[in-house]
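Chain lettering (A, B and C) follows the sequence in which the chains are written, and residue indices restart at 1 in each chain.
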Amino acid sequence: MNNLESTLVVKDLQKKIRNKEIIKKISFELKQGEVFGFLGPNGAGKTTTIRMLVGLIKPTSGEISICGFNLADDFSNAIKQIGCIVENPELYPYLSGWENLQQFARMVPEINENRINEVVTQVGLQNRIHDLVKTYSLGMRQRLGIAQALLGKPKVLILDEPTNGLDPVGIREMREFIRTLAEQDQISILISSHLLSEIQLMCDRVAIISKGEIIKVDSVALLLAEQERVSWKLQPLAEGRRILSEETTIIFEKDGIIITHYDEGKLSLINERLVREGVKVSGIQTKLPTLEDLFIELTGGETID
Amino acid sequence: MKLNSVKIITFLSLVATVMWVVGLSFTINDQFFNNPPPPVEKSATISTDTTQTKDVFIVAIGDSLTRGTGDSTGKGYVQYMLNDLKSKTKQNVNLSNLAISGYTSQQLINQLKQTEMQRQIRQSDIVVMTIGANDLFQGGTTLTNFKQSNIDALEKTYLSNLKEIYGTIRKINPQTTVYHIGLYNPFIELSDAKTTSNAVRKWNFDTADLAATFEKFVFVPTFDLFQLNVNNYLAGDKFHPNSMGYQLVGDRVASLINFEKENEKNE
Amino acid sequence: MINLVHNELIKLVRKKRLYIILAIVAVLVALFTYAQMKEVKSLQERLGTTDWRSQLQQDIVNTQNRLNSSTIPDDLRKYFLIRISEQEYYLEHDVDPSAPGAPTFMRMFVENSIDLLMPLMVVVVVGDLVSSELSGGTIKMLLTRPVKRWRILMSKFLTMILSVSFIVLSLALLSYLISGAVFGYSGWTMPILTGFSTNGNVLVTTNVHLIYQWQYLLMELGLAWFVGIIVGSITLMLSVLIRSTAAVTGVMLATLISGPILANMVSSWESAKYLFMVNLRITDYISGGAPPIQGMTLGFSMIILTIWGIAALLVAFITFTRRDVY
């Protein structure tokens, strides 16, 4: 993946509001054709970062460049490469879907009716496109939102919580749609979400963001495969905890289950010692971590809703 | 359809914008950069309209008594007179009340210089007027400082003014009949009734004397109407008549006006 | 830019606010026409004459009677004196200032709506140009296009100008068409006196000249348009600053209503003449009404209004181009 071109480069991006640092010098890159996840709890700074990426908020310092164009210096050229939905797709309810798209088409020089038809077909809204937007369901609005984002043939697509409010079928469709865009059209897609499952299923790489900082950026596969864990079910718990902490590293503990690193050579030795010292081992399980585990581990117990 | 309404509104707005900008620049040019134009000439021929020739046209001029001050119904003697006249004739009687409260004879002279005053008097068949009360009583100050020499001086000015008024009216309209309603003494029940009554009587007498020197000028006395039980006929200010008082005056003036005669003479 | 303005006009038309304005104006004009008709009739009944000269003279006499009441405030007295001299001027020159006819009605309607009704219409239309995008969130869609922010606001500004033109046009047309049904459609070439000015409480007539009513109307509508643009600019600024359309409308409404109230009180507070809402009745200068404060002239008012308008636009553009959008 490293030989691919970077479409979006963010360097030392910082935002201060009244001397309070909201975004703390974050940096990351998007490669061509990849789906990049932006994971964090509400209020972590996802939306603020995204708004800076699309020029709605001016960064206090730092640089954003899109396909080589600096957003601050060459706004028009930079923003041309981006299609986005920030939070909900807010459209003019008193206009039809078609008229909404026309509105945005008129703001970019080289978009004609054919292109509008193309995106409408792409998101599958052909049947309802001439109805007023106020009669649309949330899912249809979401699709119309994506249609307007795709209108200018962007190299980078930024979607803020794209599955928000969709039903399970809709979520699956959206997921497939996003994968198709990335794989077939080689668009880089940035997806923010507070839902781990969603990111896990859709994204190639993920940045975990908490309190305005990126804690970790890695490919989802690597992140998850990095370390297998062992979960212990022990009794008495306190004694077990003591022994485990002497023998290996406890990652975290949840609902009476202690999670430790996996160490193949040592596993049986630890088990032996536990049994010898009278701790009842009712379960040992090796398992792959979920993003949720990772998140809890990385943020030190901050929960995601 | 939808697009058409946008197009129409856009087009109209554009046209309107041009129009209003032209209007605005015209205004600026007209109001700021125009050399002072020659002042507008007084229109030489003031059109005399003929719509009122068949009707009887009455013009009322003078002071608060003609205005009707003190009458709680707001009518004044002019309206009572008009009502009486209307029941007397089938002809249309029109009235223009141009009296202004507080006017003295001097102010009336000035008012008579106005174009429109003259036009209306020119068209009138009858003029009714009250004047002099403000000259004499001066809002009551004459009484508190009652001196015969003072009164004489006031009356002298009044009479010379009145002469001018009569002359002006006659000059404007040689045909019209003028009814000058005389003064009553509102202070007749006060302590020095004798002196005030004397002054008012003399005032009335000299006015009537002057009226007699003009043709078709009728002096209408009111002193006798208010001589007894004056307080029944006075308004709260103890100076102007109330409705009943005005009714008396109106009836008296109406009784003096005779239409057939008027028309004969006018024709 | 044409595309952007086209977009704005589509939104404006589809939001149907313009139609609401048209309906309101139509209803009001019909009401005023009826009221005017009644007034003319009752005046005729009272005076027994249809002659405008008698009516005008009666008006003068009535005013003079009011002037003789000692309780009349000083500034009102001044106003009456000026009005009387003006009315006498009309009589002397045999020019009827209110000869019946649709153009005359239109003229009076414009004069009477310039400080409140017309600005209100402008506020209703312009008030949500920006704030509705802010509150509806569609601003995000607008600002993430390859179009600079100032151009977006410029398109809104141009749209504001077009809608003010449209509003003034509909005021003019509707008042002409509706009142004409009652008063007749003629009277365009009637002569009107303009150029009155005041010096203290003396009416100065050296600049008075006659123009045709259609010219006079064009002048008044031009002035009304000017007032509309200024009120529109200030509304646009508020629309940028405040998210809620209702709040924008409310603030402007309160400000506009305070205008006539302040104008009544300003004889004792002279610096109020620098407020824009006291300067809105600029048609009074050309028809010859007394200014609310001595020394105010057409030029003065227009300069004050222009300053307000430019300041409002500066604030609007600076805020709009710099602000973070959440």
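As a working rule, a contact is a pair of C-beta atoms (placed from the backbone, for glycine too) under 8 Å apart; a residue touches a chain by one contact, two chains touch by 3 or more.
Quick caveat: nothing in here was measured; it's all calculated off a predicted structure.
*Asks:* Assign the assembly's chain-to-chain touch graph to one of these shapes: line, ring, star, complete, other.
*Replies:* If you draw each chain as a dot and join those that touch, you get an open line.
*Asks:* When you average C-alpha coordinates per chain, which one falls nearest the overall C-alpha average? Tell me, please.
*Replies:* C
*Asks:* Give the chain pair that accounts for the most C-beta pairs in contact.
*Replies:* B-C
*Asks:* Can you work out the whole-Å distance between the CA centroids of subunit A and subunit C?
*Replies:* 55
*Asks:* Just give me the whole-number Å value for how far the CA centre of subunit A lies from that of subunit B.
*Replies:* 91
*Asks:* Find the geometric centre of each of subunit B and subunit C from their Cα atoms only, then give the gap between the two centres in Å, rounded to an integer.
*Replies:* 38
*Asks:* Mind pulling the residue numbers of subunit B that touch at least two other chains?
*Replies:* none
*Asks:* Which positions in subunit C touch two or more other chains at once?
*Replies:* Touching at least two other chains: 6, 10, 14.
*Asks:* Tell me, which parts of subunit C touch subunit A in their complex?
*Replies:* 3-4, 6-7, 10-11, 14-16, 136-138, 140-148, 322, 324-326
*Asks:* Please give the residue numbers of subunit A that touch subunit C in the complex, ascending.
*Replies:* Going by the criterion above, the answer is residues 51, 54-58, 75-77, 79-80, 82, 84, 86-88, 90-92, 94-95, 99, 103-104, 106-108, 148, 152.
*Asks:* Which stretch or stretches of subunit C touch subunit B in the complex?
*Replies:* Of all residues in subunit C, those touching subunit B are 6, 9-10, 13-14, 18, 47-51, 53-54, 56-58, 60-61, 64-65, 68-69, 88, 91-95, 161-163, 165-166, 168-169, 193-195, 205-211, 215, 218-226, 285-286, 298-299.
*Asks:* Could you please specify the touching residues of subunit B with respect to subunit C in the complex?
*Replies:* For this pair, the touching residues of subunit B are 2, 5-6, 9-10, 12-17, 19-27, 30-32, 34, 36-37, 39-43, 46-47, 49, 51-52, 67, 92-102, 114-117, 119-120.
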